[in-house]
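All chains are identified by letter, namely A, B, C and D, in their written order; residue positions are counted from 1 within each chain.
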Amino acid sequence: MPGSVFGHSFRVIAFGESHGKCVGVVVDGCPAGLELSEEDVQKELDRRRPGRLPLVSPRVEEDRVEILSGVFRGRTTGAPICMIIWNRGFDSSPYEKIADLPRPGHADYPARVRYGGFNDYRGGGYLSGRLTASFVMAGAVAKKLLSTKGIEVLAHLVQVGGVKLSREVSVEEVREKAANSPVFCADPGTEKRFVEEIESAAREGDSVGGVVECLVLNLPAGIGDPLFDSIDADLAKILFDIPGVKGVEFGAGFSAASLKGSQNNDPYAIVDGRVMTTSNRAGGVLGGLTTGMPLVVRVAFKPTPSIRKPQRTINLRTLEEAQLVIEGRHDPCIAIRGVPVVEAMVAMVLVDHMLRLGHIPAVLR
Amino acid sequence: MPGSVFGHSFRVIAFGESHGKCVGVVVDGCPAGLELSEEDVQKELDRRRPGRLPLVSPRVEEDRVEILSGVFRGRTTGAPICMIIWNRGFDSSPYEKIADLPRPGHADYPARVRYGGFNDYRGGGYLSGRLTASFVMAGAVAKKLLSTKGIEVLAHLVQVGGVKLSREVSVEEVREKAANSPVFCADPGTEKRFVEEIESAAREGDSVGGVVECLVLNLPAGIGDPLFDSIDADLAKILFDIPGVKGVEFGAGFSAASLKGSQNNDPYAIVDGRVMTTSNRAGGVLGGLTTGMPLVVRVAFKPTPSIRKPQRTINLRTLEEAQLVIEGRHDPCIAIRGVPVVEAMVAMVLVDHMLRLGHIPAVLR
Amino acid sequence: MPGSVFGHSFRVIAFGESHGKCVGVVVDGCPAGLELSEEDVQKELDRRRPGRLPLVSPRVEEDRVEILSGVFRGRTTGAPICMIIWNRGFDSSPYEKIADLPRPGHADYPARVRYGGFNDYRGGGYLSGRLTASFVMAGAVAKKLLSTKGIEVLAHLVQVGGVKLSREVSVEEVREKAANSPVFCADPGTEKRFVEEIESAAREGDSVGGVVECLVLNLPAGIGDPLFDSIDADLAKILFDIPGVKGVEFGAGFSAASLKGSQNNDPYAIVDGRVMTTSNRAGGVLGGLTTGMPLVVRVAFKPTPSIRKPQRTINLRTLEEAQLVIEGRHDPCIAIRGVPVVEAMVAMVLVDHMLRLGHIPAVLR
Amino acid sequence: MPGSVFGHSFRVIAFGESHGKCVGVVVDGCPAGLELSEEDVQKELDRRRPGRLPLVSPRVEEDRVEILSGVFRGRTTGAPICMIIWNRGFDSSPYEKIADLPRPGHADYPARVRYGGFNDYRGGGYLSGRLTASFVMAGAVAKKLLSTKGIEVLAHLVQVGGVKLSREVSVEEVREKAANSPVFCADPGTEKRFVEEIESAAREGDSVGGVVECLVLNLPAGIGDPLFDSIDADLAKILFDIPGVKGVEFGAGFSAASLKGSQNNDPYAIVDGRVMTTSNRAGGVLGGLTTGMPLVVRVAFKPTPSIRKPQRTINLRTLEEAQLVIEGRHDPCIAIRGVPVVEAMVAMVLVDHMLRLGHIPAVLR
């Protein structure tokens, strides 16, 4: 019954509600000896903060992380790390008016069935996108752990609505340009069109979807636990745990279905004394194991379900048809905030698997 | 370190090797009282059997299941069910010749790194597609359990190489036509083109990818365990555990990224007194929970990596470049055999979640 | 690596430190719909509070629970329940002086090895007996869940140092007398001798051990998951997780080793139409399953390792022999506070298993 | 619901039935590169074989292990290791006669409730002591892994019925004398009295209990995962999974309850440059972590419940009182065969924890 625990050797437990006291996370299994400060975590939380676009400014929360346990004198102790951000300044009254009107595209109705109507429905409660803050906090720890091994996790936006990244971008562009772009876009030309697409939807009281691509660099070969804990399987699982994700693909992904084997197979070669492949249609994963090539995963986000346009729904109490108007300002493209969340999720899975195999030790010295 | 165990309340443990004594599976957590015979399992195994196309006839094995435990007087006892198929009549000699030449698109190289060179490399060993027989055996149990609740899991092929299913097909067509098609195709016109695409690739010593779609009917709303055991997350995880899978999407999937919220949200309505949505772009999942609408998941398979065409690789012992020619006859489109495997995997996840929530009881009376 | 998560279907995650900001717990998998207030939890925490004996008054903390998540309008929502007690008014300075002197009978030395010296050693940090407050908070939820099924968990003290409970006591005496005794003793005559034993040790700057017995009433037959999740196995596991526990036995326990089979077997009989045994040397467990008879488990606590008497130890930095004097006032008999902790632990395991088997549903209506 | 999987990083799955086709086990997570032969496993199975005493000769089975997977060219591959012993030459007819008469001290009645009457009741089915053969097979792998680190697991019998080991024995005596004793007794004088006690009970158609002590030598300090995966907790759990175990204690165990803190605490000292304690009342465990001193655990076995003496029971179909006479010859003291089983169980837990912490690597080179 419990679904709030992620991981095998690096465990993450999320708790909290959108309109409750807080959103929090416990990280269990972090090696002792990692330097960790609230600033390290805050930096990642700030990347997730909404309001990066002037036109797009939903509920703004300060989201200051507080570390409650597991850190002593600036380093992790090996004990579980509890981190919390306190909820402040929200207004739940709009949700009371629509308590019986399930919002299309949200989990209101299935959650009501699943939890027998006892769930906190305000803003989605535990199922709110706000819970992704807990992922980002845990991911900040995971990313620090990966950095001790020189591993880098870089996500960026490659599609917004009908607009796709117009050209191949380099790792450097992702690392530098995307990181500083308000829409995490590595190409300035495309960035402009992404923003237009989003603003146009926002003006209409509508929203748009998008696709996030995540690269992982310097990952060693041979990470993963087939059959059932394949590295791509575990990554896909946690990526689908992000609210709004509808598709995940590695490397050539769905387009691999159209290819011939002779086109899709990546030939091996020795480059600078290392085993590599001359292409990377596998996206860095074969047979559930990393290949040593960059990991490449793409994640499709649906458009934000909360839109201002009136929508058709029903009243779950009277079972009559109803019209729903969602108040407040909502993020018109959740894929943007999905970028740091995807990075966090990917980092968590990689740390979990590297701990399992001893690539990261139980104590960092 | 161990990755051979799937599931929480319905656990599946796979073992065996492509060129070892057997392929087997243990199913733990199956409720007591389910009628189960070797024929029930054999029926599913036969659907996975290669050689459904005249032109396409790789290693043919009889693959007769033997149930070793957990069934007493025709019913499951609640104890773990071990099922085995014995390997017979294989020839490992071709693999000895290429033991040091990693096959592009296969897991040979990462497996060698992961297991320090101790893995059984013959035919991929434990990482062979042959292990999907273990999934099908476990899935046969899962499908029988689902059928006690009237739940139906139906997969079919919707794309082969560049050819897509040319029209929308009905559930009835999937249930009847696809089941009897050698390429699990619900549309006779498309079936012909699928076969041509496959045979054409086979003639060239090449292979093609494909896309499998799986529908689940009569699934109740509210199944899943957010945040981390979302139903779509658990389904995606296990689907990526199938060798050759590179993408998974639910409902509108990647195309949802191009849509507006007003287009993608499924409006609610009351139909025959039941809560439904008038469209199903969500693919039956919202917020990690089933919606009560049909579950729709699509799975992209890459082309079979084993092709007859010569390929470029390296010798892992000498670290010199090498040319590889793979002998034997191989399935030119693993997506076909992916159809029963996808069904098995989906059924396993659904049973696991239904057991967690008590939708399926611990004892069937 | 992570050890902070208990359970399968009812999961409990403990965090915090003795001298950190707080001690907390997350309960995941609690069914939705349970009435739960901070008072419900506080009541159990108060039973664990030290200072029940005038002579015996270590660090007194207020220990007010705060529920941070998972409860909405007085009922559990099905989302994880985070509960915290904030640490206040402690003095860590005594621990700085002895940071390099491992206290005999404490985990200081092995923890230093395990966590590479990064652990918070003040008061034992995460390994402190103070963490049992997290168990009691989670146990309060578990006990409420059991009470919805009429199941009662009753622990009492049956031995303190050399003094044993002088006679058989009835369930009613345990329920009423022990509950109101400062040393959880069901027999007033023995209670006096328990207190003397404790006060005598305290006067000498020493401590005493004790034995807690726990009874569970109205438990149905057939609960448990053999082979590896036997009900007694899971109970023993979690009881040994309580700091200071050195032995666990069920029913006749160690004395069963001295018996003949004809003496130890409990004969079956029909009593009031129910299957019962006419004795209960099994302690309510056979083959890892509950028998329907009262569950009887006894737990041996060692004497509090923190004593005022000087002790021989070493300096882990200089590797020289050293003498240790532990300052402050410490509980001279941890077995007393063990009583509510044992109840909490037992309740957690039973709820976990009853949820697995559907004896407690996912939603309480 | 499933209880057939043990472990976190070293996983063991048991299956089979007393009177079914086989008893088997899958070991998942064993590092690649361990030399392993059927002889290695057979050696341990032979120690568990009944019939070590002339007077005491229950069902004799050959119990030849067959390794089905996970070993290639004499070494483990990292893939799951399935091992099976085939059941032969048993007679189930006595069980048919008593199918409705639950045997006192056996799990017949609770199993019937737990599994709704669908369980294989013949000889206890899945709950039979015969399943301990699966533990011994998995334990053989674990012991080989421990031996690569110089760790030795030595169990011996310290009590049979009313007879206790009459003197302290040395590790050497346990290693040599107990290993060659038909009753695993380290002291020849006591051995004679153990045999008399057993034979006397057997003559009367009765049985006796016993206590097994297990020592682990050369275990490093700092192994364990507090709070919930304490090393003693995990050991206790798995020891209670052995049929017939009613008590487990570490070091001073229950007798610690009678001690003062000043008596029970083990003082630290530097011996040969190593941190040690001058006594070992802790039994090698403090705060859930190993101390580096020998691990000492004692396990109480009840007398064999199957006795020839007539017993009082009921008929579960008619609910009338009944008299039961158990046919066949049964082991009069299961504690004897408990010795290798305890060793196996202890080894499994230690390997699991050493793998978690990286003390044993994922690949043995």
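Criterion: a residue touches a chain if its C-beta (ideal position, glycine included) is under 8 Å from a C-beta of that chain, and two chains touch if they have at least 3 such contacts.
Keep in mind that this is a model prediction, so the values were computed, not measured.
Counting only chains that touch, the fewest steps needed to get from subunit B to subunit C is 1.
The chain with its CA mean position farthest from that of subunit C is B. Between subunit C and subunit D the centroid-to-centroid distance comes to 26 Å (mean Cα coordinates, whole Å). Rounded to whole angstrom, the centroid-to-centroid distance between subunit A and subunit D, based on C-alpha atoms, equals 46 Å.
Per-chain Cα centroids separate subunit A from subunit C by 39 Å. In subunit A, the positions touching at least two other chains are 1-5, 9, 14, 114-115, 126, 356-357, 362. Those residues of subunit A lying in contact with subunit B across their complex are 1-6, 12, 14, 102, 104-107, 109-115, 124, 126-127, 131, 159, 161-162, 201, 204, 206-211, 220-230, 232-241, 243, 245-254, 256-270, 273, 275, 277-278, 282-283, 286-292, 300-307, 309, 311-314, 316, 319-321, 332, 335, 356-357.
Within the complex formed with subunit C, the subunit B residues making contact are 8-9, 356-358, 361-362. The touching residues of subunit A, counted against subunit C in their complex, run 1-5, 7, 9-11, 13-17, 20-22, 24, 26, 28-29, 31-33, 68-70, 72, 75-82, 84, 114-116, 118-120, 125-126, 355, 362-365.
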